[in-house]
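Going by the order they are written in, the chains are A, B, C and D; count residues from 1 in each one.
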Amino acid sequence: MSDSLNQLAQRLRDFAQAREWGPFHAPKNLASALIVEAGELLEPFQWMTEDQSRALSPEQKEAVALEMADVLLYLVQLANELDVDLVEVAQRKIDINELRFPAKRR
Amino acid sequence: MSDSLNQLAQRLRDFAQAREWGPFHAPKNLASALIVEAGELLEPFQWMTEDQSRALSPEQKEAVALEMADVLLYLVQLANELDVDLVEVAQRKIDINELRFPAKRR
Amino acid sequence: MSDSLNQLAQRLRDFAQAREWGPFHAPKNLASALIVEAGELLEPFQWMTEDQSRALSPEQKEAVALEMADVLLYLVQLANELDVDLVEVAQRKIDINELRFPAKRR
Amino acid sequence: MSDSLNQLAQRLRDFAQAREWGPFHAPKNLASALIVEAGELLEPFQWMTEDQSRALSPEQKEAVALEMADVLLYLVQLANELDVDLVEVAQRKIDINELRFPAKRR
């Protein structure tokens, strides 16, 4: 995984350990928490047009960015619990998508 | 953002451009696609106990890892569209959580 | 659809019309709103054990019931927009599931 | 609850009992299954414009209707487990919304 994601992972491990939250962090629970945050991320967009969603105010963008952070933090914790290298599997998933969805010829 | 997330972001930009998918990638749509993938990530866990979710078979773990990849890829694309630095905001969110949830005294 | 769901549907049509919310109620948006509410419904359960989720306090149950209401209200509004008979298709889906998942012999 | 929702609830109780699925149907798990289905319901809409989502083909509409059925079936089962009267709480939620979002004066 990348250095910066590793740093996040380490910080989240320390955070959970200091609060004795480890027992709650079963992958099932982390995957639930992740989708709850994904819902909070979608919430501000639900009544917007696509164009409005491309033109957020600074305040809206900051709120959205913090929800994105929550999704990433649960994803990193889930990767940690399952010993998954997020960047490696993401690169591999793009490889798969390149085969599934061939680019148009130029 | 981290070098490895930047590389993912660049590869996803090239991927979308080669397929002319940019017009579909409004933040509203990317946030929808992200939660759809978060649902696919939760799906294998829905009837498991917490303990079972901690003891996935290699095949289950690989399937889950690929769903995690999908979530990360939409998160990176959303960050790209909104010009959000994912790692910076994630670090900032941990700062906020440290204030909200003080660690127990030892 | 059932009389009571029809009554809900009519009340929701009147509600949206009085507020001029019809233009926002594209099926895409209602499906987004529905999953946002489904996230709020899952939220109180995310760190619970299964047993804890079977033993909610009256206050927790009331909060959960109101989130269930939100899911139902968006489902009814989506059914209304798409002219779907919810109860008919639900009965039909159980028929399908009975074929997909045969009951154990006694 | 309405007669037709009661009929669905009874049929789902029989269905689960015949398959001995009761132990899996903790409210936590049903709320997870519900949001997984809500994701499958959102999936066909994710790249559509709002207008496209208002103009589904018969095949698209049938697929969407079956996903809506899945959401309703888990909602009814959750209501059953928690002894919630879905229609009563939905009516009550509309009452609350009428106070929160007063209609425009004419």
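The working rule: a residue touches a chain if its C-beta (ideal position, glycine included) is under 8 Å from a C-beta of that chain, and two chains touch if they have at least 3 such contacts.
All of these numbers come straight from a predicted model, not from anything done at the bench.
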- line: The chain pair with the larger count of contacting C-beta pairs, comparing A-D against A-C, is A-C
- line: Cα centroid separation, subunit A vs subunit C, in Å, comes to 26
Field: CA centroid of subunit C to CA centroid of subunit D, Å
entry: 3
Message: Give me the residue numbers in subunit B that touch at least two other chains, ranges are fine.
response: 29, 32, 35, 38-39, 42, 45, 49-50
Message: Tell me the shape of the graph of touching chains, choosing from line, ring, star, complete and other.
response: complete
Query: Where on subunit A is subunit C touching in the complex?
result: 24, 29, 32-33, 35-36, 38-40, 42-43, 45-47
Field: In the complex with subunit C, residue positions of subunit D that touch it
entry: 1-5, 8, 11-12, 15, 18-20, 26-29, 31-32, 34-35, 38-39, 41-42, 45, 48-54, 56, 61, 64-66, 68-73, 75-76, 78-79, 81-82, 84, 86-87, 89-94, 96-98, 101, 103-104
- request: Would you mind writing out the residues of subunit A in touch with subunit D in their complex?
  value: 32, 35, 39, 49-50
